[in-house]
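In what follows, structures are represented as structure tokens.
The same subunit A turns up in both complexes below, where it pairs with subunit B and then with subunit C.
Coming up: the complex of A and B.
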């Protein structure tokens, strides 16, 4: 049986593009497609995004009308969605740690954000969690080796980005 | 200044530019060398790609050389080196371990690995290197000869409405030819344009920003490009690797038996295949968006037919024929130079590597790739000097390829031993860090992650992310040109049909979509 992935993708694209054209653009753009300012006609801010959405409409329409029975139609599976969820969860955890570990551990982190080694606390913790977590998830086991790799990877990044350049800030030191 | 003066000024800019403080050597040639070696390492490592290395290197390079026109040649020279090294390196794991380092090296596995199992890995690598370097050099010569002429023609004959039509044609062409589906290509292009228009515009209120401060600044180019291109690929590869684990893979050693040298007789045998594939790859590479994988496939297919006809008694393609490696490697390598023809002459990136060259030029400033670069004025045109400096950089990279490329490439088999499950998380952290050091705000990382998942979904449904990235980069330019064309034609709503050339370009756009659709549904 032929997959119906193209049909679904086409329909979703069509609906999204029509929402963009008829709701998002009119409600969230101050000038229309064409504007008349002091008897001069100019292109308004709404025209370019409308044309962009028309590309999506055209593409979605082609998928529905002309390519719905195409031979090769890869689609999303529940396994893909599970993968997205666990990667997103892990990345979110790592980024939150990266952002907040320093300020939570040290009350006056803002004053220390340019002082080694305190300024690296969030980056090392978040980076280690990210690398270790991903390795462990792929290997389906948590090991000391993956933890060691996680730490070992973040340290060269500090050497690469932070030590030689005064103007480069590692996360989260540009935000605090 | 005459043409010769500009050429000499370009060469001088490479050798007399900024110096590396700690060595006292001219920075550009040294950066080309470093980029080239890094490119070979990256190309030889399955799971890493040249664009990944370019993305991560860019903020470091810009920090090292600063935001001034003097930084252009060292930074872009490094990126050119990575691009060329990556092309050569992709053949290493393909030949030694039957695993293509880059997608376009897949056809190399078909004859390269049988040669390895027959005890001739050294010879197979030498053939791959010779063919790759030949194709690459040929392609660069065509670029140097064609790009200025094409740019001058565009500047002379195309006015604003025609330039707008040309941009639309390029986007439609890229959407139609990349990937297996015209519809998906158009959706990818539309999404890229839409993302480019968030938070921009001429009105006081930043359009499509939903009243939020984050969106009102628009999506930084690094978040969209690195997110969709690099993070999307990492997220997909993580899943592939997770599923692959447990099936096991045996890492076999490689042994040499017999003569591994490349003899004159070998060169005579493979020369026609290299020549044919170099022409095919260059012609394909000159079209924006048509990748090296298609060139490799076409070069291999044409070579296979010729070989079967002319030498039916020799080992055929797929059975360990040196001609098969030559046909593939010459074709995929000759794409890289020609791919810069649309970049330098029209300002339209044709592949991921070209995207990063444009990104570097935009970030540093002082060089806007496009037809306006090639203005041979009496007063020195700094952009034209940079362009000739880039041509010089490409030739230096070729020289390095011919001299040390082969030796370095043959030593890279060891890269196969780095496990992907360790490599991918490292690339992810490295890319997120590179994004942060450029934007210095956590929200940029979050945006990149969102774009990364968009790139992941695109790959999973068989939609190429490249049209998205190219449309994102060209979106601003398209709108600006259209606004100027509209104003110049006195508010003519049909300015895209105001001249025969513009009508022709718009007709070509419709024809491209129509014929691609028919070809792909046939």
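Coming up: the complex of A and C.
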């Protein structure tokens, strides 16, 4: 039996793109595709993302209409899906930790977001868990070695981007 | 009445004392509404640098550019109003731009803190055109010459449009380089001093510092002006002591020509122009009102 991976991928792409075009963009921008301000026509905020989403429609449409029964499409197993979900969940967890670890640990984190060592809490936790977790997902086991690599990758980023620049904030501190 | 006056005096005294004592509770996010390296950005960063050195406050500058300051306003309006978020815009951001955009924001969603300098907004032509007064431009237009009038923000386009009607000149509002005359907000200073550019008119309610003999827009029959200032704002509801302390600190830097910021403001904008407190509230309110009238006049 031919795999139906192209059909599913195409349908998911189409639905996502249509949601972007008809829900997300109209709700998140207020200027439309083009904007007329005082006798001058300018590009609106919605134009670029709408064009991008149209390309996703095109790609999804091609998969659904033209490539649905292609012979050489890869199969999709439940273990594939589990891996994708695991990686997506891990990235989400790492980003949540990066953003919220500081504010959860300290009530007035915003006022400490430029003060060592508090300002590194989210970056160290989120960064380490992201790298360690990705290694573990590939190796299918948790090891001290992967934890050490996670820390060894995160700390130099702090040294590189935070220490030399007085006016730069590491993520997520600019958004706190 | 006496009681009331006493209470008012006491609260004023309390404000004065607490403004002097006020210090930001944490690092101050300094939003800048214009591109890195420009006049607004440079002075905002230099003011912050000076305050870090003299007051021990910590600033974190951040560019929030676009839409003449409205993107900054939108990003700022829900931020904490404890003095840890301020931004540099121009008075036009809360005036014409906010009014014209009609994007659900009004000036009372912000706390104006202090202006630093006014624009020396002139109508400027290259010396090579041979024009020495605005009347020469009108004569050239009457003689059939197409005049390309360069304007950047929409408010200036509206002013150019009115000038076109009044002077019966044929004006093409363009936004690009090859132009016969245009609005310039201070950057013309060196060119005028060197004789490469001519200030044909002041777009302000007052004559230009550098070319006091050039007519004002009012002299040319246009009742609107392009008076504008660089302006620090915060979100609405900022405590009075925070507003007063920030204003005093900023004023201290920009009025001192020995600081880098003060020196820049002296060189580029002809000196500081600091408006704070109730005067600033009144200025912002009247700018917003005047913008409504200008928009109506150019519909």
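We adopt the following convention: the second predicted complex is superposed on the first by the 93 of 176 C-alpha atoms of A that agree within 3 Å, B and C clash if a C-alpha of one lies under 4 Å from a C-alpha of the other, contacts with A are read in each partner's own complex, and residues count from 1 in each chain.
In this text, contacts are C-beta pairs under 8 Å (C-beta built on N, C-alpha and C of every residue); 3 or more make two chains touch, one makes a residue touch a chain.
Keep in mind the model is a prediction, meaning the values are calculated, not measured.
In the superposed pair of complexes, A:28 makes contact with subunit B only, with no contact to subunit C. Looking at the shared chain after the overlay, A:41 reaches subunit B, while subunit C stays out of its contact range.
In the superposed model, B is the one of subunit B and subunit C that contacts more residues of subunit A.
After overlaying the two complexes on the shared chain, residue contacts for A:93 are found with neither subunit B nor subunit C. In the superposition on chain A, A:113 makes contact with subunit C only, not with subunit B.
By the touch criterion defined above, A:174 reaches both subunit B and subunit C. Residue contacts after overlaying the shared chain place A:154 against subunit B, while subunit C stays out of touching range.
Within subunit A, the residues touching subunit B in one complex and subunit C in the other are 30, 40, 167, 169, 174.
Against subunit B, in their complex, subunit A makes its touches with residues 5-6, 9-10, 13, 17, 20, 24-25, 28-31, 34, 40-49, 51-63, 66-67, 70, 72-76, 80, 83-84, 87-88, 91, 95, 98-99, 123, 127, 130-131, 133-135, 137-140, 149-150, 153-154, 157, 160-161, 164-165, 167-172, 174-175. Within the complex formed with subunit A, the subunit B residues making contact are 59-60, 63-64, 171, 175, 180-191, 193-194, 196-197, 201-205, 207-211, 235, 238-239, 241-242, 245, 421-422, 424-426, 428-430, 432-433, 436-437, 440-442, 445-446, 449, 453, 456-457, 460-462, 471, 475, 478-479, 482-483, 486-487, 491, 493, 517, 520-521. If you check the complex, the residues on subunit A that touch subunit C are 30, 37-40, 108, 110-114, 167, 169, 174. The part of subunit C that touches subunit A in the complex is made up of residues 25-27, 58-62, 80, 84, 100-101, 103, 154, 157-158, 161, 173, 175, 298.
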